[in-house]
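Each of the two complexes below includes chain A, the first together with chain B, the second together with chain C.
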Partner chain A sequence: MTARDLIPIAVLTLLAALLPLVVTSSPVLNFLVFMLIVALGAQGWNILGGFGGQFSFGHAAFFGTGAYVTAILQLRYGVNAWAGLVLAVAAGAAVGWVIGFLSFRSGLRGSYFALVTLAFAEVFRILANAASFTGGAAGLLIKLDVHPANLQFADRAVFYWLVLALVAAVLLLTRWIQRSRFGAQLVAVRENEDAAKALGVNSLTVKLRAIALSGGVTALSGCLYAQYFLYIDANIAYGSWISVELLLAPIIGGVGTVFGPVVGALTLHGLGEVAKQFAGRIPGIDLIVFGGVLVLAVAFARGGILGLLERLRDRGRGMVTRGPKEVSHAGR
Partner chain B sequence: MGRSVQNTAFSRRTVLKAGAAAAAVTTTLPFAVPSILRAQTPVVKIGILQPVTGALAHDGDLGRAGAEMAINEINAAGGIKSLGGAKLEMLFGDARSTPEAGTQEVERMQAEGVSAIVGGFASPICLAASQAAARYDLPYLVDVGVSDQIMARGLTNTFRFSPGFGKVTQVALDNLTALNERAGKPGRTVVLVHEDGLFGSGLAKLLQAELPKRGFEVLETIAHPTPARDMSNVALRIRSLNPDLVIPSNYYGEFVLLARTMQQQRIKPKGIYAILGGAASNGRFVKEFPQAAQNVIDCNHWHDPKNPKALALRKAVEGQGKSFAYNVSLNYSNVLLLADAIERAASTDRKKIIEALNASTFAGHIMPYGPTKFVNGQNEGATPINTQIQGEDIKVIFPDAFAEAKANFPAA
Partner chain C sequence: MYSPQIILEAALNGLMTGAVYALIALGLTLIYGVLHIINFAHGALLTCAMFAVWIAWAWLGMDPYLAILPLVPLMFVLGYGLQRFVIGPASHGDDGNILLVTLGLSIVLENLLLAVFQSDTRTLDTDYSFQVVALGPLLLSYPRLIGLGVAVVVTGLLWLVLNRTDTGKAIRAVAKEKLGANLVGIDVPHVYAVTFGLGCACLAVAAGLLMPTFYVNPRIGGAFVLVAFTVVVLGGMGSLPGALLGGLFIGVVESLCGLFLGDSLGQIGIFLIFIAVLLVRPTGLFGAKA
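Up next, the complex of A and B:
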């Protein structure tokens, strides 16, 4: 990685980190924290779905695992919340590896892989809903005990900085993947798995690494969700809502780009909040905006918002559409 | 399009522009809209939190209607007199049927300076929202959420006027036993039908343990998911088991579906006894499917039918073309209770309102609870009562002190 790779991440993180000093309003911070938690999980999805081309419809499996592991460790075994965070990430990665092993080894690709992940998430949801170990349908309530050692902060800004730091760390990780040999192999598998194999890429190993990383990052976001709202149940942790959230953000922002998931999460949730503010009396207006943005993005910005911006910039400079890239797009 | 590894799809400048623009739009615009100043008449802002979009939208609508009616009534009667006739101003928040949306609305209400919040409806929303309010010592009145966890956290800002899960199930079992004995013990065998979520499975587990102690035999426990689109198999199973009693615990849609399927297949147990039934105390069910609804008994939140204020409220709600359900009376009563506390506190100071709630002996509500008495935030007098759908009406049948009609059990 060169300085050119790192500067955008550093500048954006720094700007975002300065926000709480300017905006002290709690609703804004609360909104940003939730948005960043979604963005973090979406970054996890993007590693597997964006760079690896393995579209998952069931990232709730990882999100929920992160949330449940940290909650159960704290409640049943008295493990410190920070240690719980680390173990939750490890558990998410492990679950990712196992799901990947079972499905990739069977050669599941494309929509078959998507359906299998969906099934895994649903199985987890039903199990978590039925087992007494997970609190069953009543869910788990992490004790409200505001202390930095418990990963609970009196000031929302501190939690915001923590999530922001983790989002920045994953931005760096994603940038590293993009520049690394592993990333090149991953993209090769995405574009044409058989060709990649012919070139000597061990596609199974590459995909397993990607799904483990992806699972770990998404579990981290689940863990932060549990730690922030202090209550989870099966439908929150393993519900299909979160799978959809994590999938939409990168698609809107730009699949397979470093900043796509963050831009997507910010756009979707940000526009929703704006709409709610201006049309507060009409319930559901933000959801209409949410749907509208989605339709527009799918119809007009096939590379997501970042892709659209790039095309607009190219047009502004009077550049002709780049041939080879269009070919690769059409081939997808 | 640029997803290749070697050739980045975007330049630093693009990203900076995009990021800055998005950040500017989302962070400054929504919250910078200045609120309109209304300094002339003093107002007390009250946050009403209900899910009016998403899966619970119908319930949220009813809750809001109840709260709105109480606020209008108090304002029409001169507002809060100890604060110079200050009017109550409703600040409504859509909890969108999710805990995080509920939390976000609590933050907004806090920023707009509410004195207290009423509502939540579902337990997960109540849990998250009351916790968010606790950060600011903001009084929070749970309207319906029955989960025992809500009151077990020791939050000093959280109050629940209505009964919790433990209390409801205990009363439901006691009343069932009493009704059965009074009718000459026609009910001996039971089939439990429950949804596999929060209410259903917890309740089924408890009933499995408690019913045999009271002389009932549980033939089978049938679980189904929410939403369920078909109840034929459940109904067929019930037919083959032929129990005296069916005890369902599920939400509105599934309850209606089960009752209709049983009606179509002519399965007529001696009684359908719901506990916190999704539809058994809902006017819409009675109006839309009167035949399937006949004789269904429920043990649930319900207003005191002998209270003239309750009857007037019911008439007013039905006059608006809305169906009447317990959320209306609970939210109505909660707002009255809160207004009484603010009146006695003679202040919008949150600590004083909490103190006033703790000392509350409010009897001007419309529930069959008697004067309020809060112990660790829970109203000790709160209790569910039994209703039965008879004809085109929901009638209270037990306990006798509130009963409007005799129980039709075993069902003719």
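Up next, the complex of A and C:
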């Protein structure tokens, strides 16, 4: 990685870190924290779905695992919240590896992989909803005990900075993946698995690494969700809403790009808030916007917002418009 | 322990619920077989049809079975339009895109229904909702029995359409070899849209059969669509008899799991079968090659 790789990430993170100094309203900070948590989970999705081309429709399996592991460790075993966070990430990576091992070994790709991940998430949801160990349908309430050691802060801004720092760390991780040999192999598998294999890439290992990383990052976001809102149940943690959120953000922002998930999460939730302001109390209005934006993005902007910007820039310079396929390669 | 009679009754009830699953899956598998796409909007479209049946009953006083008759062409037109003017053009013929576009559509449809009807659960009641038919010592639900009969008839009709009409021939041609079909003068986008319309028309029938004994809310489609995916995968993607048998089988499995494991865990059997079939034999029990 070079300075050119690091500077944009550092500058954007610093700018975002200044926000709480300007904005002090709790609803706005809540919104920002939630959006960053979604962005973080979406970054996880993007490692597997964006760079690896394996579209998961069930990333709730990892998000929920992160949330439940951290909550259960604290509630049932009195484990420290920070240790819980680390273990949650490990659990997410392990679940990712197992799901990946089962489905990639059977050669599931494309729609079949999407379906099997969806089914795994549903199985987890039903189990968590039925077992008393996970609090059943009543869910789990993490005890309010504000102390940095418990990963609970009196000031919302501190949590915001924590999540922001982790988002920045994953931005760096993603940039590193993009520049690494592993990243190149992953993209090769996405573009043409058979050709990659013929060139000596062990596609199973590469995909397993990607899904474990992806699961770990998404579990981290689930863990932060539980830690911030202090309540989870099966329909929140393993619900299909989060699978959809985590997949929408990178696709809207720019699939397989470093900043795509963050841009997408920001855009979607920004639009959702605007729609809520305009339409008042109509339930589901933000989701109508999400769905509409998804269809439009697939129809007219296949590289997402970043891909669109890139094309506009190229056009402004008088260059030939890049096709959508090339934009996704450009890896912004 | 459970008496054999209870188990037999549960199995028969499951068989009858399974018939409706089969109808839903029939549409899904038809669309998959021809367009080679997984229609994520299938559940949301079913919810639309169920609300239409409810509206026909609540506002026009129409019997849910009777409501099927006008609803079938309506859903056909809706499906035709969606494929022709939204899904087809928006997805540029790429599988991953189609998955995303239909996902987007399902989110929009579901939440439009939520915006209009709120999240309340609605039911309709008819004179026959709770009627039972005695078969020896067994008591069978009358509306579900009708559901089973109609599902078998609709599968048969669909098979006739596919195998005995020119449109059906065109659909089969496109399913086998899109380019070749195009070369001999078949309008492929039209055939795609007709297939999608037929798949949606199956949902109209399923909705009419479900409503006398079931309820509707904007999120209900999600519960069915995963089951329908399971049926389709189990029966082999694109296979009509596979969908019928798969649907019946899944209905029985769900009913028996519900009996032995309780309602909250009942559906888990379905998903475990789903995962197992995907992992071991993704082409399904009746499917051709992958």
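Convention: the second predicted complex is superposed on the first by the 307 of 332 C-alpha atoms of A that agree within 3 Å, B and C clash if a C-alpha of one lies under 4 Å from a C-alpha of the other, contacts with A are read in each partner's own complex, and residues count from 1 in each chain.
What we mean here is this: a residue touches a chain if its C-beta (ideal position, glycine included) is under 8 Å from a C-beta of that chain, and two chains touch if they have at least 3 such contacts.
Here the structure is a predicted model, which is why all the values come from computation and not from measurement.
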Quick check on the superposition: with chain A as the shared anchor, is it clash or fit for chain B versus chain C?
clash
What is the contact status of A:116 with respect to chain B (first) and chain C (second): first, second, both, or neither?
second
Regarding the shared-chain residue A:235, is it in contact with chain B (first), chain C (second), both, or neither?
first
Looking at A:283 after the superposition, I want to know if it touches chain B, chain C, both of them or none. Which is it: first, second, both, neither?
both
Based on the superposed arrangement, let me know which partner A:65 touches: chain B (first), chain C (second), both, or neither?
neither
Touching A:266, do we find chain B (first), chain C (second), both, or neither?
first
According to the stated criteria, A:130 is in contact with first (chain B), second (chain C), both, or neither; which is it?
both
Per the contact definition in the header, classify A:309: touching chain B only (first), chain C only (second), both, or neither.
first
I'd like to check the shared interface: which positions of chain A are touched by both chain B and chain C across the two complexes?
126, 129-130, 137, 283-284, 287, 302
Along chain C, where are the residues that touch chain A in the complex?
37-38, 86, 89-92, 95-97, 99-101, 103-112, 114-115, 118-119, 218, 222, 226, 229-230, 233, 262, 264-265, 267-268, 271-272, 274-275, 278-280, 282
State the interface residues of chain A toward chain C in the complex, per the touch definition above.
55, 57, 102-103, 106-108, 110-112, 114-116, 118-120, 122-123, 126-127, 129-130, 137, 240, 244, 251, 282-285, 287-288, 290-295, 298-299, 302
Contact footprint of chain A on chain B as seen in their complex
1-6, 8-12, 14-20, 22-23, 25-27, 29-31, 33, 52-53, 57, 92, 94, 98-100, 103-104, 107-108, 110-111, 124, 127-128, 131-132, 134-135, 147, 149, 153, 155, 196-202
For the complex, which residues does chain A have touching chain B?
4, 7-8, 11-12, 15-16, 19, 23, 25-28, 30-32, 34, 50-51, 126, 129-130, 136-139, 141, 143-144, 154, 178-179, 183-184, 187, 190, 229-231, 233, 235-236, 241, 254-257, 259, 262-263, 266-267, 269-271, 273-274, 276-278, 281, 283-284, 287, 302-303, 305-307, 309-310, 313, 325-326, 328-329
